[in-house]
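Chain nomenclature is as follows: A, B, C, D, E and F, assigned in order of appearance, with residue numbering initiated at 1 for each chain independently.
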Amino acid sequence: MKVPLRILQGFLEEDTPFGDLTSETLAQGIQCVAGIITHEEGIIAGVEEATDLFSSLDLAVRPQVQDGTWSPPETRVLEIAGEAAKILLAERTVLNVMGRMSGIATMTRRLVDTVHAINPQCRIASTRKTAPGLRFLDKKAVMLGGGESHRFTLSDMILIKDNHLAFVPLEEAITRAKAQGPYRVIEVEVTTPLMAEEAVRLGAHVIMLDNMRPVEVAETLTLLENEGIRKMVIVEISGGITEENIQDYAVQAVDVISMGNLTHSVRSLNMSLEILDRE
Amino acid sequence: MKVPLRILQGFLEEDTPFGDLTSETLAQGIQCVAGIITHEEGIIAGVEEATDLFSSLDLAVRPQVQDGTWSPPETRVLEIAGEAAKILLAERTVLNVMGRMSGIATMTRRLVDTVHAINPQCRIASTRKTAPGLRFLDKKAVMLGGGESHRFTLSDMILIKDNHLAFVPLEEAITRAKAQGPYRVIEVEVTTPLMAEEAVRLGAHVIMLDNMRPVEVAETLTLLENEGIRKMVIVEISGGITEENIQDYAVQAVDVISMGNLTHSVRSLNMSLEILDRE
Amino acid sequence: MKVPLRILQGFLEEDTPFGDLTSETLAQGIQCVAGIITHEEGIIAGVEEATDLFSSLDLAVRPQVQDGTWSPPETRVLEIAGEAAKILLAERTVLNVMGRMSGIATMTRRLVDTVHAINPQCRIASTRKTAPGLRFLDKKAVMLGGGESHRFTLSDMILIKDNHLAFVPLEEAITRAKAQGPYRVIEVEVTTPLMAEEAVRLGAHVIMLDNMRPVEVAETLTLLENEGIRKMVIVEISGGITEENIQDYAVQAVDVISMGNLTHSVRSLNMSLEILDRE
Amino acid sequence: MKVPLRILQGFLEEDTPFGDLTSETLAQGIQCVAGIITHEEGIIAGVEEATDLFSSLDLAVRPQVQDGTWSPPETRVLEIAGEAAKILLAERTVLNVMGRMSGIATMTRRLVDTVHAINPQCRIASTRKTAPGLRFLDKKAVMLGGGESHRFTLSDMILIKDNHLAFVPLEEAITRAKAQGPYRVIEVEVTTPLMAEEAVRLGAHVIMLDNMRPVEVAETLTLLENEGIRKMVIVEISGGITEENIQDYAVQAVDVISMGNLTHSVRSLNMSLEILDRE
Amino acid sequence: MKVPLRILQGFLEEDTPFGDLTSETLAQGIQCVAGIITHEEGIIAGVEEATDLFSSLDLAVRPQVQDGTWSPPETRVLEIAGEAAKILLAERTVLNVMGRMSGIATMTRRLVDTVHAINPQCRIASTRKTAPGLRFLDKKAVMLGGGESHRFTLSDMILIKDNHLAFVPLEEAITRAKAQGPYRVIEVEVTTPLMAEEAVRLGAHVIMLDNMRPVEVAETLTLLENEGIRKMVIVEISGGITEENIQDYAVQAVDVISMGNLTHSVRSLNMSLEILDRE
Amino acid sequence: MKVPLRILQGFLEEDTPFGDLTSETLAQGIQCVAGIITHEEGIIAGVEEATDLFSSLDLAVRPQVQDGTWSPPETRVLEIAGEAAKILLAERTVLNVMGRMSGIATMTRRLVDTVHAINPQCRIASTRKTAPGLRFLDKKAVMLGGGESHRFTLSDMILIKDNHLAFVPLEEAITRAKAQGPYRVIEVEVTTPLMAEEAVRLGAHVIMLDNMRPVEVAETLTLLENEGIRKMVIVEISGGITEENIQDYAVQAVDVISMGNLTHSVRSLNMSLEILDRE
């Protein structure tokens, strides 16, 4: 899963509609070696994208760390050699890509680790609540952090939500969804244990327990177990789950915890580009 | 400053490469009224973009709140009327735009208010550390929150940073920058009081005190005052300033505090689309 | 599922890089009413696209037939009123879109009807063998004809084919696929009854019997029935199925017949644009 | 005439909006050699496009057959070496391009051969009835098959059709067309021998006998001969000509036979990508 | 021949990557009427483009002058009503389009008039020496001025120039060109009377006398007349013809004078946008 | 400041929508060396763009002259080696780019030299009156000629013009502009000496004396000197300044002379591509 170079070059053009006034004035014709250095620990992501973008400017790139690996602070993740003005031209664009992707990957990994310590089968999934236009980067970063992409888009699978059930009763909705054929997973958002049971009986592949407190999740799982239908379905929980309360949810025997804040409320990983050597 | 419709439609196409499997199955041909409702207080941003995108789908849009205004939780910021399948098609795209923009605007306003309570002349500025591809949206949101856009791109103004001074001494750098003509502001990143003084004497329009602790900022300002050159320059501080420590900086008589985290570490404002009425 | 207007306008620009030399010379400023008329029976598709494109040229469009309906020859499917030069500008582009889409929809419907007469539960599916760049149009046309879209793209679901099994044994392949999470259907291409059985036991959601003769299909189904695992899987057949031999396959108790020729070997439905009235 | 790489990459992006879930899971990091193999005889086309697209993914490509040459079934037309995941990523896109182009070239060549056996001076031409958005590919394929491109677009030449003559009488139409200057060929669609004669006398460079039966074509040619004006014009016939009846037309002394079905009703040439060797 | 709105909006986006800092600060929310006023006489062109662009910003546009008409200085060619900030946003983009197009149209008309006063049959043609990316606008402007478009692109017709004849002798070149079929005009660039004669005898449709002095043109025409082949060909002259010496060429009995400077050395027509009324 | 290759390739595609009919027929498979040769003296610009475009076609490019250097007539500025058909494909596109850029650079240099002979401190600046879509090329060419870019776009700086002052009085306008923050230069267009004085006192960084005669310029400068505020502001003059009268303005002690005709009324530098050698 590789971001098309065209997209990365578009990011660069956004930052340089008429070139880089400063570096063209001060750094043209100078050869140097630079490094991208982290300033906090985290999962590194975006090395592939950085490599592609710097390479397209005729710079030599030497990745020092692979995408998806944990790095301590002050790690040199990438070295770039070539004309200083070109390196500085792309500096901020690359850091914005890598910082965001690494921030997403790092938070994902932290949550995955937290949850797996309690419940090794449970997965962490992202949602479609990404930055607009950055779906590809955001989903890739989640996966590099060990998370699940869930739906990429509205065209991937069927997810029946409250806003659909405002128009069509649950049974009819699932019937119509199934009539679309066997190639799409069908998920239903449910709000009560009984609704969960109904959705499973109607053949949903996945049920999403929406905004339930841990006790309600437990109650729902118990009902499904008691009815002997727990194994027929994937149980996902979503809504209101944060880094603070995720442990309360992880103790539940759910299959997936999905979280919009993995991608809609990102903290970039702190890193910078530094000149290492001037030729 | 209005995001071109082409860009917004691109966001929608990203989410619907082959349409919306669920809503086409369940909500086609149904007329309804929906609302975008906030679930926490904040500054609303993105109403103009939401209006343009929904309108392009032949939906009737009635904004209830103007961009840039503070709203309590559970405010209905926008009403949309028309075919349910079209409303749901754009729901997530619009929420992703509005959530991010409102999140940025809200954090900006909170910091502006904090700083102004202490130092009413001091401005809050964003940087180029935006999400890649979303510079326009992010900068607009900062401005709606009462912040300063600072540089949009590398083509706007000249900002001489440590990575430039690695190649060219300060005096030569400023001389060359000035030779580019009078239409661009020249800013210099400085790390010590003496370097600040030098930059001012050489004619920098703005100096950015980079990663200084409050005491160093104070020391620098005192030096400039004592030398009688404080009024000749705009003093910006940047680096390491957070919501937690911003008050320590705001007490300093600086002109601008610039913060990358306004745009690189955004928390989306919580809002959702709800079906209000079915015709 | 609506083709973005941007795409349709791109088709028009392809045909008119420097305008329409003939109609600008002969039909400018003349008001008329024109009709799109079929010259053979078939399922009409592309009315929505034709309407959008003509409308974008400020022409009045009155669809006479809905997408997806069967029409006898010499049906007037659409009326357009406005400046003759504009109607003629878009004539060929619209006919190329509608002719192709209607041709696909018609062939799909004919095959669906043939199969359903024998086996009402069996579905007809298209593949990714569409015209390059026309995936959206081609898949939409299949669906209007009553067929199944199957995968839209390589990002939708997992389909393990011979070219993958050249590198990874079946069991490991399915295990790795399942480790990607629960949101994607997993299909495996199989070439023998025993391989089919193995894939089902390993948990494939769909098996595709590749290039089997009817007797081999029967043998495979019998094996699955005998082993009591037929109901655990969707059975798709693909490869070498044509309009001529499809009945031999339809008598088998398979769930889906998928056919590349629905979209890679299209015969356009014959239709033309005629001037109905000059104002 | 080379399809811009940008276009080919767009075809690939259409098929991989979020990467190739299967090959990324099963074929990453594996080096192999693959071949594109035909399964029926035909004229090969699209080798240049396949080479450009595979090369852009850093794969080594070795064409074995030149575009435009006839190949027996089971010919290896192209070899590709490199990472398996990248080869499989582009497999379907390349096959869709080559299959369509080769299908068009093959049918064109077959018709050219049929016609030339009877009438070696007569040319086969395509029309603007191509797949929308694929004009370039389709026209190039026709030419590789030995056919004539005819008009590329509405901006190339002037073709006065019945829909224009609905507004302007023939004489005025040709007069106005000639007033557009000497750089465009002027063709007129005619439906009777007398109209053909009139168009020639008025100075049309080409006349297209539209939907005439062979006997009517003969009658028209005789009239032109008798009037001594046959040599003043190119005679093209079009409409209702198929592979079945083309011989009846080829015996006529016409200059060009143009056929929409060369490009609007294409049967892809059957070919596939196979793994030849694993390193 | 209408410039796609997408292109015009691209021109506007080029000028406003982050909005219009000045007018957003000073002219938002103010309603006004503005006019585009010429400051010298000339042929007006670009009214259609201006209308389309202003209209796309929800402004009311009232053209006062039709494209292609002569206007005295201080003519109000267009009125626009609506929000001042929107009018001023597009002001410069529209003036740049109209100024260039009107400049081209005006110079073309002046030359056409000069030539027609001497030789009413002789046409003035532009070449492919347009501004890169502005071929459409430039050619349209020439035609509005009464000139001929000549080739739009390298795909329109065949023009055999010295750089081709460096590789292939004239006879072979024309033979190969004719083998491309009857739908393209074939023009040959010639440098001597004898070469002109040869090209005509070989069947060139147009000959371009390249960089000949008037006396050489006369000599060539005489030779063709004497050989009785003048009527078989269109004679175009090109190279070194300017506003100053065009009369010396116009007295020659040539069919077309083509001039690169019509489009490569344009003087914009002087016009400006003025606020007429504030509501 | 480097034009993105994507843009240059777009220029080439504009000229070759369906390839180059002539060179594909006559120059395919032939290796040669060609040169771009000037036919008049001037400043060369566009070498970087020519190099990038030819290189992208797999041609070997050897620049002989650097962008921005003065060249006598008949200079070989660039050599290209490779397939003749590819060189000829891009010939006109490259010449259109280089001819325009060199024409702009040459006129700029001539004016800079004229002005500097009189007033070595005075700068020559371009405006936003560029060809639409060619802002980047035009501004780069001006800078290569020794001129000043001035504003690139409406987003760079604030320029308060008469059309703004129609709505807001000068004092309020400057106050509002200053409230936008310290990162943008503020310029005001003034029409009288008193208005100039007022703008300076209100804090404009630059004043543009609009359409003043030399005597009025002198009067304004004298007033500013007498009031002791001349040094507080950059003085730019604009409007009505031409190559003919620029000396009358250059004698004035102004800082910048800005001229729209540098970019809106360009005369291309005469150059051509010639075949130097055939391998």
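Throughout what follows, contacts are C-beta pairs under 8 Å (C-beta built on N, C-alpha and C of every residue); 3 or more make two chains touch, one makes a residue touch a chain.
None of the values given here were measured: they were computed from a predicted structure.
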Rounding to the nearest 5 degrees, give the angle of the rotation that lays the CA atoms of chain A over those of chain D.
120
So using the touch definition from the top, which pair is joined by more C-beta contacts, C-E or B-F?
B-F
Note: chain F sits from chain E at a C-alpha centroid distance in Å of 23
Averaging C-alpha coordinates per chain, one finds the centres of chain B and chain E separated by a number of Å equal to 45
Separation of mean Cα positions, chain D and chain B [Å, integer]
52
For chain C, what residues touch not just one other chain but two or more?
6, 17-19, 135, 149, 152-153, 155-157, 184
So in the complex, the part of chain C that touches chain E is made up of which residues?
6, 9, 13, 17-19, 24
In their shared complex, at which residues does chain D touch chain E?
123, 125, 148-152, 155-157, 181-185, 187, 205-206, 234, 255-256
Please name which positions on chain A make contact with chain D in the complex.
1-2, 4, 6, 135-136, 139, 149, 152-153
List the residues on chain E that touch chain F in their complex, please.
7, 10-11, 14-23, 25-27, 30, 32, 34, 84, 88-89, 91-93, 95-97, 99-100, 103, 128-135, 137, 153-161, 163-164, 166-168, 173, 176-177, 180, 184, 260-261, 264-268, 273-275, 278
